[in-house]
Every structure is written in structure tokens, then in C-alpha cells.
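Input: structures, listed below.
Across the two complexes that follow, subunit A remains constant while its partner is subunit B and subsequently subunit C.
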Partner chain A sequence: MRFITMDVKKCVVCRNCEYACAFRQSGNFRREDSNIRVEYHNDVKICLPQTCLHCEDAWCLEICPAAAIVKDEDTGAIEIVSERCIGCKMCMLACPFGNIHFDKINMVSRKCNLCKGDPNCVAHCISGALQYTTVQDSCLNNREIFHRFIESILDINTE
Partner chain B sequence: MKIVIIGNSAAGLSGLEAFRKQDQNSSVTVITCEETTPYSRVMLPYYLREKVSYKDMFIRDDHYYERLNAKCIKGKVVNLLVKERHVVLENGQIISYDKLLIATGSSPIRPPINGLEGEGIHHLWTLDDVRRLAPAFLRGKRVAVLGSGFVSLQGAWAALVKGLDVAVIEIMDRIMPRALDARGAELLALKIREKGADLRVGTFTKEVTRTGFGEYVLHFDDGSTLVVDLIIVGTGVRPNIDFLKNSDIVVQQGIVVNERMETSLPGIYAAGDVAMVPSFLDGRPVVHALWPTAIETGTVAGNCMASQGDVYLGSLNMNVTQMFDVTVASMGEFLDGADREVWVDERLAENQYLKIVLKEGVPIGAVAVGESELVATLGMLRPLIRQKIRINGTPRNLKAIMAQNISRHHKAFSG
Partner chain C sequence: MCDNRCGINVFVENGSIVEITGLKEHKWNNGRLCVKGRLGVDLVNAPDRILTPLKRTESGWQEIGLEQAYDEIAEKIKTIQSRWGERAMSVWKGEALGFLTQEALYRRFIHAVGSPNYFSNDSGCYVGRWMGYAIVTGDWATQDFLYSKCAIIWASNPPYSQPNLTQSIFKGREKDGKLIVIDVRLSAIARQADEFVQILPGTDGALALGIARQLIEDDTIDHSFIDNHSVGFIEYSLYVREFTPERVEKETGVAAARVVSLAREIGGRRPKVSIYAGNGLEQHENGINNIRAIACLDGLLGNFDHQGGNFNAEKPKFRDLTLYSEKPLRHLGPIGADKYPVLYDVRQECHTMTAMDTLLTEKPYPLKGMILAGANPVLTNPNSGKVVKALKALDLFVVRDLFMTETAELADYVLPAATFLENSEFHCHPIHQTISLSKKIVSFQGCDTEFIFLKKLAEKLGKGEYFPWKDAEELNRWMLQGTGIKYEEVLAHPEGLEYAPRRYQKYKEEGLPTKSRKFEFVSEYLRDCGYSYLPEYIAPAYVRSPNPEYPFVMVTGARKVFYTHGRNRNFKRCITAIPHAEIEIHPSDAETLGIGTGDMVTVTSVVGSINIPVKVVGNSEILPGVTQVTHGWRESNINLIIPDDRNDPVDGFPLMKAVEVKIEPMVKHETENE
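And then the complex of A and B:
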């Protein structure tokens, strides 16, 4: 099972991910059509790319009164079946991350579905801030970072 | 162990699913007086305005009970024999239980107005109601909607979309007294009137009479009258507890339960609209009669019937919908008060409204009327209410406050 990781230190707010997602969703480049949103916090100079985290116990899924939210067992994605969605916005109120958006043309909620296992936002990220990775790889990466950190300390000590 | 669940809507289904996650062996029987597979009450008005088809309203498939290894019995429960641990159905059938979940929901109240009866009087609460109402929902027909809660207004909106002549009659001096504050109600009322409905607040219906053509005449307290073809009554609901009259289960506005959804009788649980559960904000027992609360309390009941491992943090009311081309949402305590601080986002356009209510720096509720994205803000605020997080700053840095607290969110799901 893979998931999208976001490294806020690498994000440069180019918004390529937003355009890539919008294009995949609707065939145009309107940023409001994107399911990933990059929030830039000017005061602290931090940018937060945000998209659905595909929670293990997804409250949006449990609460949906139209049974329109399902889990794709192959990708692990929590998906909105737009044909079933009634546009009541209960999922938007349930999501504690603000990661569900509204499609004003079709009057349904919409969110990331991991592009069925090939996320367009990750493919077009220019800085490597977004990765589509497995838990094992992500942990391995963390171990390598930790290992380099330890090495750097040991280097200092041996000098 | 023999488990019996009465009711197959939000609370009953959540209870069954939560129970089965923990216990695959006990026998489970679900008793329902509905003829069909489970459907969603929330979707009824969407069906009326043809946003969804009839079959879309069903939220579980035909093999649902089979898959969950549960038996479904269609019938009406008329009595509960606590000592014998028996549930008695209308046809005389007796079903015994070791643990019982009462998820019988609620039914619409019909206000005591003379003449409010006959085939033209409708509710908007069950599948049967909309089956009866849909054929009467014809362009050019005149409908009066009594009450202005979420269900009533959804019905009124569906009628407008279908081309009916719509009047909404509210006895209070503003609409949605339980789900919006005064400013929010004012903004929505503007929209309702702009869309062409005849909205009358502060209007008391004294009597209803019939004309020779079968039309209904509403007589109001100011002496005026209104002639319509049908009336939708949406003036609140009451819990379905008639079958409990011979038991000494403790009932106030609903069946009183503790934070594990246990009633006053051992082995008997209640959840959903029928239960009076602790409120999240002040711990006082309340009946919110809301879909999310039914899901949450049903889940807690199911978990507690399987083991004792779940505790409900209390019901936090939340409401959201889109109607009359505007998004309306609220949660928690959203009314102003002497001990409360109020944040209104002044940067929004004039027809947009976002208000957050705080008590000693901790958010306790919010209202939003306007664009959809305001709902996402309310969603992000909800964990802060649930975890009683004090926030510092001003409404202007709400975005930063939300971002700071994002790592806390994962702990703040339901329950």
C-alpha cells in the first residue's frame, strides 16, 4: 500500500501539483478544481501542500448519508463515488483536515482518489516535496536520515 | 450470546457493523418495521427534487445481512418483557435476547391544529412518506410547509425546484431556530424569498379547513388565510418509545443512556434519535436527532455490546446542507451569550457569513452561510472544539491557527 508523503521543507509553492490535479480532474487548469491545495503561510514562510490522508478509520466514509464514500482495496484510497453523492457536504464538515472540496458544476463533493494509483500531483512535483511511497520505504528513508545524522555526530567526535 | 437490534437506520446499522467487527460468532437479529432494505432518510428530499433516483436511496445491498451473518425480521415491536428478556412483535412472535439495542428512531409530531388531517397532509420522514408525496409534487400545485427546520426547508426547496408554489410557515419570529443564529437565519431567509417562496415567520396556524374542491385553507392568527393543495408538516420529531410503556426503563425526552449507551436496564442499550445522550459541551442529556450523532452512538453501542471498550465523548450537534443555492452549516453552541466571545470573519463578502463562538478562548461552536469552502473551515474547527483547545489571536489569523493544530486532528475523530 502506498501513500502520498509531503515534505514541507522541500515545497517551493510552485503550485504545479495543483495544476496537475486540476488538469486530471477537469481537463483545465483552474486551481479551484484541484484536490490538493498548497497553503502558503507568509508570516512563518511555510507552505503546506495538503491533500486527503486516506484515514484508516475515515469518518467521512462512516458518516456519508448517501453511502457514496468507499475504500478502494487495491490502492487504499478513500474515494467519493460522484454518481452516488448528493452534495450534502456532510463529509466536508466531518473532515478534520479541510481536505474535501466541492465541485460547483456537478454539485458533488470531491477529493483525492490517488489517481487510481498514479497520482498526477506527485508526477509533476518539481522539488521532490511530494512522494508516492510505501510505509517501508518511508521508514527506510527516515532511518537513512537518522543514520547520516548519527554519522555526522560521530565524525565530530573522532576529530 | 443472542443480540437483538431494533431498527435498521443509521444507529442500528452502525451498531450492527461495530458489533460484528469485534464479535463474529454471536447470533444477531435485526428487527425492522420498514419493508425495504436500509435506506437513507437524509436522501428523501434529494429524491423529491430528482437529484437522486429511487434506487439510489438504498444504502446497503440485498446481501448485506447475509454478509454480516445477521438475521433480519420485518415486523413491528409492540412490547418489551424485561424480566423474560423478550421482545414481542405485533404478530405475536417472541424474540429473546441477551443484549438488546433499541434504535427505533423518531417520528414526526403533528401539531394540534384543528383540521390538519386527510390525504393532503404529508410528512417528509420515511420512504413511505416520499412514495406518497412524490406523485403529488407536480408543477403548479400549491404547497404549504409547516415549520422551518432542516427537513422542512429541504422539502420546500425540492418543491420550488419542481415548480410548485411554495409557502413556508414558521411560528417563531425567525427560521431554523435550532440550527442557525439570527444573522444566519436572516441571510438564508433572503435567499428563500429570492428563490420565490412565500416565507412567513411569526405566523401561527389556528385552523385548517377544506374547500369544496378538496383544497386546504390555512387560517392564521392575524386573520389572513392561504389556500393550498397539500401541506408538509415538519414541526419536529419525538422518539419511538411506545413499545416501552410496560417496562420501567428511564425515559425523559428520549431513553436516558450513559456514555456507553446503556439504558437504566442491564443489557439494554439505546442509540440514535430514540436515545437521550450526554451533550459534548456541558454533559447534560440531549436528543439531537441528527444523522452523525446516530452513527456515533450506534457505533459506541455496538462496541460496548461486544466488549466494554468504548466511551462516548458526547454528542456535538452538526448540521450542513445546500439549499436555495446557498450552503448552510452549524455546529455546537453557535448563539451569542454573556460569557462568550464571538469571532465574525469580516473579510468575507457581504452575503457570506462565518461566525465562531468561543468560551474562555476555547471554540464551542460555529455557523456558516454562503460558499461551500466555509464548511471545510468548520470541519477543521471541530477537533479544536472536541479537544477543548484554547486558541490565541484574532479571526484574521484563523488560517494559521488551523495549520498549527493540524497535527492534533488525527486524535479528534468521532467518539
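And then the complex of A and C:
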């Protein structure tokens, strides 16, 4: 199963992901419609993209009294079925990362559904901070980066 | 639509474009796309697109047929040229419609009809950097960020202006690379910098010369390159001695110790140092020499044309569409070429600021007609009030555009144009040395491409022999003749066809493409033209002779994520997100002025005043005393107060990024309280 990884060393808070997601949800560029949020702390220059991690053991899904949160078996996405959502906000309280938000117009909870396996936020992430990848690949990638870093400080030129 | 030229997939349903996504196989954007790219859908389908030719009459705009419009325009051109001479006609190329072929076609057309007067946005953007580098190295370098150990982004914000550079900068940094950002503002890219160097506007040359001095003193320079492949090192090294860390601190606001540590960081990582020089460097009175000073660092670091450094990409050798060798018209006095000969001789650009004077004074000769394609100088050229007056003075002003822009409103004829998705033209990516051909996806009745328009008009003017190709395909095939690149092969590679494998250190066999065939720390050519031999530093006027009446220094033109210069403001979803212009002010200045975000202020320069809402930015985002305003807004058009007569003496670029202003809370008129 793939999920969206976020590299805080590559995010520049350009907000292309937020606008792209907002566009997918509402056809507009209203950032509050976006399921991905990018926090920026100007004083310490911390850039923090945040979106649903699609937990294996998803508390939001467990707690939903309307059974409106389901797992897509193809993509592994934990999704909200808006038609079933009663707007009780239990899922928002249950999510330890705050990755669910409330749509005040339709009175339902909203969250990332991985765009059926082709997340729009990743496609519009121009810095490469967001990747749609598996845990294994993400791990391999980190290992590779670390390996090259070691090579580099030891001045082993492999090119 | 944007010069970044990503590989894209365009989806069509029932004959209409419904979606644009990034092309995964394209090496440049790797399937990714900024939101501007997706806006291509809005561009093509915009409800306010001009689809019928409009003619100005006393009772307003009148819709007329395309053939009639072309006939009338041709007749008026003939009248102007027979009365005032052939050079009284001109063209002005913008960036809203097409790319390189469009530029070449306009150059070809105007020469075909006997005038040298080709104008474009390039006399205020890009060409300054190109020239600064070309004087030193013969070309504008391409950055090899993927293999770089030290990426320096100097006065640029790639996430907004060149989104795809961002991916390669970060990919390169993964391997113990360093990212150094030198800028007036803490831009998006600066948020991730390992070193963010905040500098006073227009003082970049002093910092570059100071870094050079330190590199030489530390002997972290490439002697072999300097000895074998450069000229003028001795004079240059004597000149840079003046730029001690203490002097640099005084000039630039960058602490002396920081200058030293910066030079050591860069010197320690040579030759894998890539420097990208941004637009923030060129709209200054000493822009060219500041850029030369930065370009000279490539000679010291040995990163010139080196892997992981700044390399000179090879370009495909298209057949030349322009007529500069076939039909040179230099003797007719291209507008601005007497004042800025280097701009004309190196880039064949006429000077748009001088054009405004010519239109108003008829000096040195009358300029009476203009065809302007996809440009909006009323918002993008300095001194907008004068631009409006000057363009109104034209006997014939034809504007080709997709929308009724502020400039189109002044035209005698507004002609519908085609977007990039309604045309087929070549795109090159020098960084990968690849070429691709965009496809014509849709077409709209009556919206000719620039090629078809120029061909039809040339035929009506009896110059049809210059446009013998029947359509874009024939033209594109002609351009490839003799290049060894096959048309069919380009078509088969939408992700880009490599036209030449990348080679480094080509100068070892071929020399550099400069006059001396060497890296020029000093320029004989500029000296012969009466300019400084060395990349001389002259402090900006606001530092040299501060005017207490205008205590702030204003930078303009920082990019926003949705907008490309003056464009995209007619797309509702963009306006919802970034609704208006604003002046960025440091919190301490805001406090002194007693203003907060959203308040209106009056900003005044020697040229005039505008009213604009305030945005108080974070403490580290801008220096106290410095402000920034993004251009391209109809309301609060900042170019209304930018001077058009304070130009860099070499390339003629206008001062837009260090303008002295005063800021006052806006006086509320009585009527507002009623």
C-alpha cells in the first residue's frame, strides 16, 4: 500500500498542494477546502505539510458511529463517505494528528482519500517534498540518501 | 503560458480541453506541475476570451470580420510606411501567446517589411542576465544542480518563477549539498536554505566582489583554469582587493564575518558550485556589472562548464528565421540602439523605454505603427502613465491577445489570438539538451496563430515570399533542415529527444564563445563601447545619496504562485486566493507608521503616488526600511510610480528594484464617511 510521505527538508510552503487539493474538492482555490495543510513557522522557518497517514489501525474509522468511514481495499485509503456522515466530529477528535477537518457548508467531515490512487497534491508538489510511495520504498530511499551522504563526507566519488 | 515549459498531458472531451496533468516521462518536471500549469484549462476556455476582431470607433468597439480587419490593417501599414518611411512601423513581442518561434517570426516580419524596430519584454527582463553572463563567458550558464555540492540561488525564487528548478536543487542537496540563498526577501526557497543571506537591494555586486577577494586571499581558486582559459585576471584581482569584508558589510548589510564564512563555504565546495542569477539582479542602475561580478566567480571556482557547476548547454542549431544576416537594418537606426548599442548589438533588442519617448516626441524619427502580441506594457513597463500616453499617440496600434488587457484597451484593432494549445511549436530544454514539439490540441474559429497572422499580413503587404510555408508543420520541418534532427523522431518523443549528449569543459578544445575565446574577467568589448572594463561596483542611488523625503527603498516584481507577470488576474479562482496587490512592510516600520495588515497607504516616488493595502510580513522576511510590491495589478499598479529614465547604461534596463519611496497612511476623504 502506498501513502503520502512528507519531507520537511524539501517543503518551501509554496502551497501548490493545498491549492491543487482545494481545486479537486471544490473547483476553487480556497485553502480551507484542502485536505492537506502546510504549516509554516516564520520565526524558525519550519515548513510542515500534514495530511492523512491512512493508519493501518485507523481510530477515526473505529469511532465513527455512522460507519461513514471505510477503507478502500484497492488503495488502502481511509475514506469518508459524505452521504453517511452525520457531522458528529468524533473522527476529528479521534485523529491524533488533526488531519480531518469540518466542511461547514455541507456539515460533514472531510479528509484525504488519496484521489483514488493518484493524489493531486503530490502531482502538484514542485519541490519533491511530497511522494506517493510505499513504506518499503520510502525506507530504501532514506537509506540511499544516507549512504550517499556517508560517501560524500568520506569523499568517495562514485560518479 | 509560462517559460518553464513542463511536459504535459492534455485531456479532451467532446472537443474541449478538460484537464491538464504533468507528463511523468518528462525529465524536466517528472510528472509534476504547479497550479499555474493546470490553469491552461482556464486559459483556453476562459469566458472572457476575445474571439472576434474589434475595431475602435467613435461609438466604442465594433466587431468586424477577420479578413476585413487584416485588409484595413495592411492598408494602414502601407499608408504609414509611404508617408513616414518603412521604419515608422514596429512590432512588440510578449510572452502570453507563444515561445521562441513566435519571437523569431516577429523579428522576421518586421525586417521583411523594412523596419528594424522589434521590441519585446526582453528589454526589461532576462536579457540583462543573459548579457551579464555572455560578456564574461559567452553564454548564459545552465545550472547542474543535480550534481552540485553547493547551490547558490541569487535573487530568485524558483518555487514561484521556475518551479522545476526546485526539484533538482533539493535532489542535489540530498548528497551533502548546501543551499545558499542570497536575496532581499526571505522567499519561498530561502525557507529551506542552509544559509540565507539577506542583502540590501542592488548591492549584490559588492558581495560578489567581496567573495572573490576572499577566495583569492584564501587561494581557493582554480589556477589552471585562470592561467589557461581566462583574460584580465590580474586587473580583476587588483580591483577586488578594495572589497574587504568590512567594506562589503558597509555596502550590503551582510556582516563582515559572514562574507568570509560564505566565501570559505563556497571555496571549500568548488568546483561543484552552481549559481543561479535571478531577475532581482537586473532591474538596477548597475545591474549588468553586478551580474558580471557574479559571473566572474565561475572563473575563480573552476565550476565553469564543469559537472555540478554552471555548464554551457549546447542548443539545437535551428535554421534561422530572423533576417539579421540576410537583411540587416542597423543603418536605419533601430530605436534605442544609439543610446544602448550593446543591447542591440548583442541581442538585437530595441529599447522599449526609449520607444515611449520616440512616440511622444517623434525623435529621432516618427514611430507611427505598432503590432503588439501578448504583451501588457501598461502594467509591466515602468512609468505606466507615460506608457498610456505614448501608445495613444500611435496612428495604428494593433494588439493581438486572448483578453482585453489594459494595453488592448488602447488599441485601434484588437485581434483574437491563439493559445499555446492551439499551435504546434518547438520547445528546448537546454538543461537536458532535449527538444520536443507541442501539439495543436484544439482550435477556435477566427483565432489565428501568430505564424498564420504574420503570413497573411505579409502577403497583403506584398512580402509573402518571406512566409512561404503553408502551415506550422511545414515551418517546423524547415527549421529542422540541416540540424540532423528528424521531425518524426521529435514527434515520437513527447518527453524530449536528446539532440546532443551533454559534454563538460568544451572550452578545452573549442575555446569559450566570447570575443577573446576566453573567460573574460575584464571586457575589451565594453571598454571599446565606452563602458567599464571591469565589473565595477557602483552603489545604488538610495545608498550613495539618500533622499530624506523618500526614506524607504522599494523592490518590485516578486512573483506570486498563480500569476505570470501581468497575467491570470482574470481567472476567478486565482483572485479568490490572492485578491489584490499589497505592499510588504517590516513590522517595525509598520509600527512607526501606525499601520497594520489591510490598512491602505499612499506610496509616493518622484514619479507619482498610488494607494495600496499593506501586508506586514514576519520579522525576518524583509529588512526594515525595505518594501516590496508585486507588479501586474490594474488596481494599485506599481509601475505608475516607477521611473523610466533611470536605466542601466549598458543594457538600458529600468530601475525597478531599488526605488526610493515614502509611505504614508492613506488620507481618508470626507465623502467616504457619508
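Here is the rule we go by: the second predicted complex is superposed on the first by the 153 of 159 C-alpha atoms of A that agree within 3 Å, B and C clash if a C-alpha of one lies under 4 Å from a C-alpha of the other, contacts with A are read in each partner's own complex, and residues count from 1 in each chain.
By definition in this document, a residue touches a chain if its C-beta (ideal position, glycine included) is under 8 Å from a C-beta of that chain, and two chains touch if they have at least 3 such contacts.
Small disclaimer: the values here were computed from a predicted structure and weren't measured.
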So, after the overlay on subunit A, do subunit B and subunit C clash or fit? They fit
- Between subunit B (first) and subunit C (second), which does A:31 come into contact with in this model arrangement: first, second, both, or neither? second
* Asked: Counting only touches as set out at the top, which of subunit B and subunit C does A:123 meet: first, second, both, neither?
  -> second
Considering only touches as defined above, state whether A:14 meets subunit B (first), subunit C (second), both or neither. second
Looking at A:43, would you say it contacts subunit B, subunit C, both, or neither? Reply first, second, both or neither. both
- Given the touch rule stated above, what does A:148 touch, subunit B (first), subunit C (second), both, or neither? second
### Which superposed partner A:67 touches (first subunit B, second subunit C, both, neither)
first
Does the superposition put A:110 against subunit B (first), subunit C (second), both, or neither? neither
Request  = Figure out whether A:97 sits in contact with subunit B (first) or subunit C (second), or with both, or with neither.
outcome  = first
Once superposed, subunit B sits from subunit C at a minimum Cα distance (Å) of 16
Residue overlap on subunit A between the subunit B interface and the subunit C interface 43
Subunit A residues touching subunit B in their complex are 39, 41, 43-44, 46, 48, 55, 57, 59, 62-63, 65-67, 84, 86-90, 92-102, 104, 107
In their shared complex, subunit A is touched by residues of subunit C numbered 21-22, 29, 31-35, 38, 147, 149, 159-160, 163-164, 166-167, 170-171, 173-176, 186, 188-189, 191-192, 307, 561-562, 573-574, 576-577, 618-621
Touching subunit C in the complex, subunit A uses residues 9-16, 19-20, 23, 27-31, 40, 42-43, 45, 47, 122-129, 145, 148-149, 151-153, 159
So, in the complex, the side of subunit B touching subunit A is made of residues 10, 14, 40-43, 46, 51-52, 56, 59-60, 291-292, 295, 299, 318, 320-322, 327, 329, 331, 372-373, 375-380, 382-383, 397, 399-400, 402-403, 406, 409-410, 412-414
